[in-house]
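The letters A, B, C and D name the chains in turn, as written, and every chain counts its residues from 1.
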Amino acid sequence: MHEECGVFGIYSHTADTGISNACYYGLFALQHRGQESCGIAVNNDGTITCMKDMGLVGDVFTPETLDKLQGTIAIGHVRYSTTGASTRENAQPLVTHYIKGTISIAHNGNLTNCITLRKELEDKGAIFQTTVDSEVIAYLVAKERSVSPSIEAAVENTMRMIEGGYALLVMSPRKLIAARDPYGLKPLVMGDLNGDTVFASETCALDACGASYVRDVEPGEIVIVDEEGIRSVKTKARRRAGCIFEYIYFARPDSVIDGISVYESRIRAGRLLYEQHPVDADIVIGVPESGLDAALGFSEASGIPYVKGFVKNSYIGRTFIKPSQEQRANAVRIKLNPISSSVKGKRVVMTDDSIVRGTTIANIVKLLRQAGASEVHVRISSPPFLHPCYYGTDVPSTDNLIACRHSIPEICKIIGADSLGYLDVGSLSSMLGVENGEKFYCDACFTGDYPNADTGIDLMEMN
Amino acid sequence: MHEECGVFGIYSHTADTGISNACYYGLFALQHRGQESCGIAVNNDGTITCMKDMGLVGDVFTPETLDKLQGTIAIGHVRYSTTGASTRENAQPLVTHYIKGTISIAHNGNLTNCITLRKELEDKGAIFQTTVDSEVIAYLVAKERSVSPSIEAAVENTMRMIEGGYALLVMSPRKLIAARDPYGLKPLVMGDLNGDTVFASETCALDACGASYVRDVEPGEIVIVDEEGIRSVKTKARRRAGCIFEYIYFARPDSVIDGISVYESRIRAGRLLYEQHPVDADIVIGVPESGLDAALGFSEASGIPYVKGFVKNSYIGRTFIKPSQEQRANAVRIKLNPISSSVKGKRVVMTDDSIVRGTTIANIVKLLRQAGASEVHVRISSPPFLHPCYYGTDVPSTDNLIACRHSIPEICKIIGADSLGYLDVGSLSSMLGVENGEKFYCDACFTGDYPNADTGIDLMEMN
Amino acid sequence: MHEECGVFGIYSHTADTGISNACYYGLFALQHRGQESCGIAVNNDGTITCMKDMGLVGDVFTPETLDKLQGTIAIGHVRYSTTGASTRENAQPLVTHYIKGTISIAHNGNLTNCITLRKELEDKGAIFQTTVDSEVIAYLVAKERSVSPSIEAAVENTMRMIEGGYALLVMSPRKLIAARDPYGLKPLVMGDLNGDTVFASETCALDACGASYVRDVEPGEIVIVDEEGIRSVKTKARRRAGCIFEYIYFARPDSVIDGISVYESRIRAGRLLYEQHPVDADIVIGVPESGLDAALGFSEASGIPYVKGFVKNSYIGRTFIKPSQEQRANAVRIKLNPISSSVKGKRVVMTDDSIVRGTTIANIVKLLRQAGASEVHVRISSPPFLHPCYYGTDVPSTDNLIACRHSIPEICKIIGADSLGYLDVGSLSSMLGVENGEKFYCDACFTGDYPNADTGIDLMEMN
Amino acid sequence: MHEECGVFGIYSHTADTGISNACYYGLFALQHRGQESCGIAVNNDGTITCMKDMGLVGDVFTPETLDKLQGTIAIGHVRYSTTGASTRENAQPLVTHYIKGTISIAHNGNLTNCITLRKELEDKGAIFQTTVDSEVIAYLVAKERSVSPSIEAAVENTMRMIEGGYALLVMSPRKLIAARDPYGLKPLVMGDLNGDTVFASETCALDACGASYVRDVEPGEIVIVDEEGIRSVKTKARRRAGCIFEYIYFARPDSVIDGISVYESRIRAGRLLYEQHPVDADIVIGVPESGLDAALGFSEASGIPYVKGFVKNSYIGRTFIKPSQEQRANAVRIKLNPISSSVKGKRVVMTDDSIVRGTTIANIVKLLRQAGASEVHVRISSPPFLHPCYYGTDVPSTDNLIACRHSIPEICKIIGADSLGYLDVGSLSSMLGVENGEKFYCDACFTGDYPNADTGIDLMEMN
């Protein structure tokens, strides 16, 4: 399961020369949101220089390339492909030339009506060189710009046409525009870096470049930054529905999204798991890295000691050579090795963030038993995964989701656990620290309750 | 001075699997037409796979990448940037998706009304991701396709709109289309490779992939190849005006363009040079590589022995580290070293194809004198360079053309020669082996007589 | 502070073809012991193929290169340079040809009499192409081999000449020989992989390649593996003195060295720290990664809750561009970002494994205060660092060791902590889980008590 | 057939900083002597920095790496492997550390007693890390140095022990020493670059770096350059026997070896070919590049016009993908395309420098016939190849030499020529411009007359 993208943007009110460095460090902090390609586009008085390629931020950019990225406005992007093939053409930012000059776009999210919009544009003669939504957005903004008084008005008009979840950065020759979808599905925050204005997918990127947090961009809001300052335009908001999976898995634990600490949510999820699925055990361990925080919460609530159960090999990257079929049994252990002295003879509670296919967790449970665990109780800090995501998360088809085909007792048996407990779907508000009131997040992957189902969009077109 | 591009295309009537190899060898033979980037796009039953990058054919393609380029239609391209920056985005073939599917374009030449056309498209909302003419052509074809019964009709309509010199290959899901501008400015030939149809900028590419020469594509002609066979559409031809510089410098000597051998033309140029500028001397030498053939012709006509005057270092490529200022005097010698035993104490006739700025030839003359030549008589196998080319040749601005600022005697003095003779502009027909009749080539760079000057196009827009 | 190397070796009794893969996964698991260069040498019936280069295991080896490394005996190495420059020449294994054939060596450790030995060899005409100790060992083994009945006898003779700490793998055309220094300074274990014999610096490498642990190679022991089986030769052992820093910092927590779990040692260090330096606080956090385990032990002993205090950016590798001077304040935060919600308003105990110069920890303390920590109490799970290591650990010169120049209260002030506690040097046995008896580890870096000080070796020659 | 190496060295009397650049340009000019690996070692006040790798000079060195190669003495090397595998370990210069400091060696040639010498060294405990002769030389010099008053005396002693052909550059902390074998088998010249002393395999390298020719190093001579100036030591010379193949094929035509112009030799070979094997024909052509000069000589002597018969593709390098079996017929044409207009209907004389296996020339003859040549008369500017070379030239085993297994009429038939003529072995002196006197060159590959056959060396050990 993967989040598809992270965005970062900066507008220098002070003609500072360090904006490409700020971008670089911001993208470094967002690397967990996309490891396939990355890019930075810089605007120097109307001239755009864009550097993008397949690979990690640290591999694509060198001191020499950063030096060439001089200017006063910059946007950057890290990408994991959900829609669009994993090719160099699809790397962002997307830089396009149109009647009013040049427009650069960095975009996180998926449009649910992208196919329809693309078809309409093609009917009028448009040609496409990529398979990413961003190119559709670029066309729409370019088209609206010719009938609008300003680029921000064109963006506003475009937002009336596009449906789905998005955090969008648009860089024109003189402006930096940030926009967030009307549901707030995708996160987007604003920061201040010594007087310069910064936007980023997560607050951890603000920390990394030395910016202070100002506020989250509101659902449906457009923020325009230019030499006159910062302005906000509010388009019609819909019911607030921030992606719950940012808290469960995607976002970095040191980030705060819409006022809620990601780390605290995960600790609370662990506590709730104990309340909902208590068990008598000797130790609590988490599956690194994303399962560790819930283990701490579970330990705290239960009083069962938290110990380190596994060592994760931090050097395994893209270039790792996968074991052959006969060595496959060993594959998990290369990445994740149990600490025998911790688990031997122990009744173990093991937390993880989710179960997708079930294969990996089954291997991990097996490893624990081989290492001598007497019991293995699995606790999952999210409800069962049942529905596809149309907003930009890479979820396997429902055929491959174990919870679509099996009951929880069946899954427990398949993964070889002594017991299995999922977080109750009704306690997601509690996980976010809100005890009452109506739902303010999107949990469609668990419930099928898609926030834009009422817009008449045929979500199935996405498949 | 550089030619900008070479194109190669193949349509397999026999579902042969070797088309990417044929492309590879064809492009290898066309490498002299462009060394900055190259690419091959292959159509496999409607699915396009395109591989392109900065670099030489031999560096960009590996056996592994060629293996992935399987299909039944393919087009390829080598590029030297004349318009459009030298960036990866601008590499060709250009693959675009539009309402009727996918269209791939490989293109040699420049449109003289490109800026106007681009502006018109932008007015209607088009966005551009590259700065190459090919993207304008792709838009026009896509737009015309929606109002035309077939892709070939769309190409025909497009040709009514575009002005300039071009050899164009268009690949649709089921067709390969070749088109040549109405003046025949750019060369384009058709060949047969064991029943498959091949197009290439020069006949040397046919030889390299094992194809036999069928015929030149006619000026203004569109050739369509699909499962029904080969068809031809003739658009309104203008006065025939093939680029004279293909014969003088660009094309490979083993190529035959529009029925005229490039090598023979260069030999004839050497003979004419002797007739027009005879001189009493001991030896004739040529500046490698392009000046060698004229030296043979000069020797033959004059009876003065032809000897090797220089050794050219064949390992100097893109990565060569240029000598620093203090070592500069030496720079020419690293690339081109005179053979002292050949020239010492001799009265030398030295032929070259052209003089642009005059700097290089001045250094070469100096080298010869240092090596002991008693006299150096320079003979240039083309007329003086006086006008810009609007059709895709990279000529420096007239400010930098030595012949725009100096008389021939002045140039002779500047380059340090004992005498200097240019080929007479009136003898270009003779050079091509045609003694009478009207002009059938473009010599605008010498005369300012632009073949499409009568179309009302403001050529100056090109600057 | 860095450990210099990891070694891995395998002898296949079954002519299995997977030995290069086993090496690859073993080295992957040892990557934390050396990230500068790596290599694998394979013996195929007397023919050696060696592949080594600068870089990480995952970057140096591809499926293609692994495929070429076929054979029945293999040794591998990961290296961080302590002695010898960081160059490609110095990468290991070292393959040398001598009178009896070919010998390959992979070696972890430093010889304290290397300079003397090298000089003696040079006096007799030896030439050296590298600056690593392994070349001296290769010479000695080659020399002894000519007067010894077997390669193992030559290794035994060599061990009488060399002084210091080493884990050594020697591969001859038909044998794999493992040797450990007489003090057991460097770790070396033996494992079994489906009947094949494996050696590795740490047990985590056995786990990674699917081997089971057999036993540690004993101090001073030579283990010979050939077609006749496994034999052991015991040279005269000295007092047992395994490097204490393997437990404190170098080794992976899932490894077990000489029967003692590394993870358990670190937990015990945390407990001891609380006993020796109790403090009233709200939370305990660790500096990732090596400080986390002690935090768990401290929390367990004190009852103060353990929470996650920092998020470490796992994508920062060798290619990371360091912030410029003006951005430097920010540098720590890019790598290590505090979780504000965890520490804000809290009295924090923070554990780390050691303090070398003090600069990094001072920045981390500062970060915690900026994030709102009301108090910061630093606890170090080792005694103060006071003496150089002559056995292969990269420690800065004593001038740069903060504890050599400042008292503990001064250090506390310099790093900005509210209190500072080091682990008592007298409790290191307890840390290793042994309450009584004589010292069986090397703690020379804390005490100056060098285990081979009595051999008359001038350790100062090492400087 | 390949020459194995080129060497270049420079000693700056003026502490000039440009020595690595001089080396770079010198090696560029010697690239034809070796394309597998290259390297430069620079001595900066006793500190050696060496940069070497597989690849061409232009690929291995960048402005950044050249900048790091600062010093006052430098030696460089280009290598094609004849002995020793084609691996990075075998790249030169070889830098070794020994009792007196550091010694760097760049070496062209083969020792005929290398195996014996190596065995003697191994008997005394020497270990070898490469398979090149240079490592044996380094050992001998190191060993002799300990019993000699100076490095030059050690080199002199070493020359008494080694047998074969060599041009040797030795760099010590304060000296540059050049040595040439007693037969003068390998070429080596001395030059002057603004007061600095330069050595190179060929004069073309002097030209490239701007040095003037001083003289050839004499057979058996040692030239020592240090701060006291230039000194010469003459060891006992043997009968002069410079390699004849330098003139026929290896050397660049602009080089002058031992006072004889390479280009002139080739022209004379062409003239002699006509005298010895006259034929009635329409045109003379040469096989590029090495066959072109003889064609000029043949044309001059016969009066038959010289024309360009082929175009050679200058972009085909190491990365060229070889045609598959079914495309093989085409392989020659990709590299070498006949100019049909030149040869069609013509009786053609075609010169080439040698025939090894006969396969390539058979294909070329076939190409000419396909292009319409009515007759093809092949003339080879060397005698038939019959014997192996023990001095460093890469000649196939005699099994593969067509002239060992077939008579000239048979070869003529095999290659499909109408007639075939080789240069008479008795006219090689004439080729070198010397009409009388005893033989002063080595023609062992044609005659089996090995210049050091009388030294009792078993040349067969070389096989």
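Just so it is clear, a residue touches a chain if its C-beta (ideal position, glycine included) is under 8 Å from a C-beta of that chain, and two chains touch if they have at least 3 such contacts.
Everything numeric in this text was worked out from a predicted model, so none of it was measured.
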| item | value |
| --- | --- |
| Set of chains whose contacts include both chain D and chain A | B, C |
| Mutual neighbours - chains that touch chain A and chain C alike | none |
| Separation of mean Cα positions, chain D and chain C [Å, integer] | 49 |
| Geometric centre distance via CA averages, chain D-chain B, whole Å | 37 |
| Centre-to-centre distance between chain C and chain B (centres being mean Cα positions), rounded to whole Å | 61 |
| Touching two or more other chains - residues of chain B | none |
| Touching chain combinations (by label order) | A-B, A-C, B-D, C-D |
| Parts of chain A lying in touch with chain C, wherever the complex brings them together | 18, 21, 24-25, 28-29, 31-32, 35, 56-59, 61-63, 66, 204, 207-210, 252-254, 256, 261, 263-264, 267, 289, 292-293, 296, 300, 305-308, 310-311, 313-317, 319-321, 323-324, 326-327, 329-330, 333-334, 337-342 |
| Touching residues on chain B, where the partner in the complex is chain A | 88, 94-99, 103, 119, 122-129, 131, 138-139, 142-143, 146 |
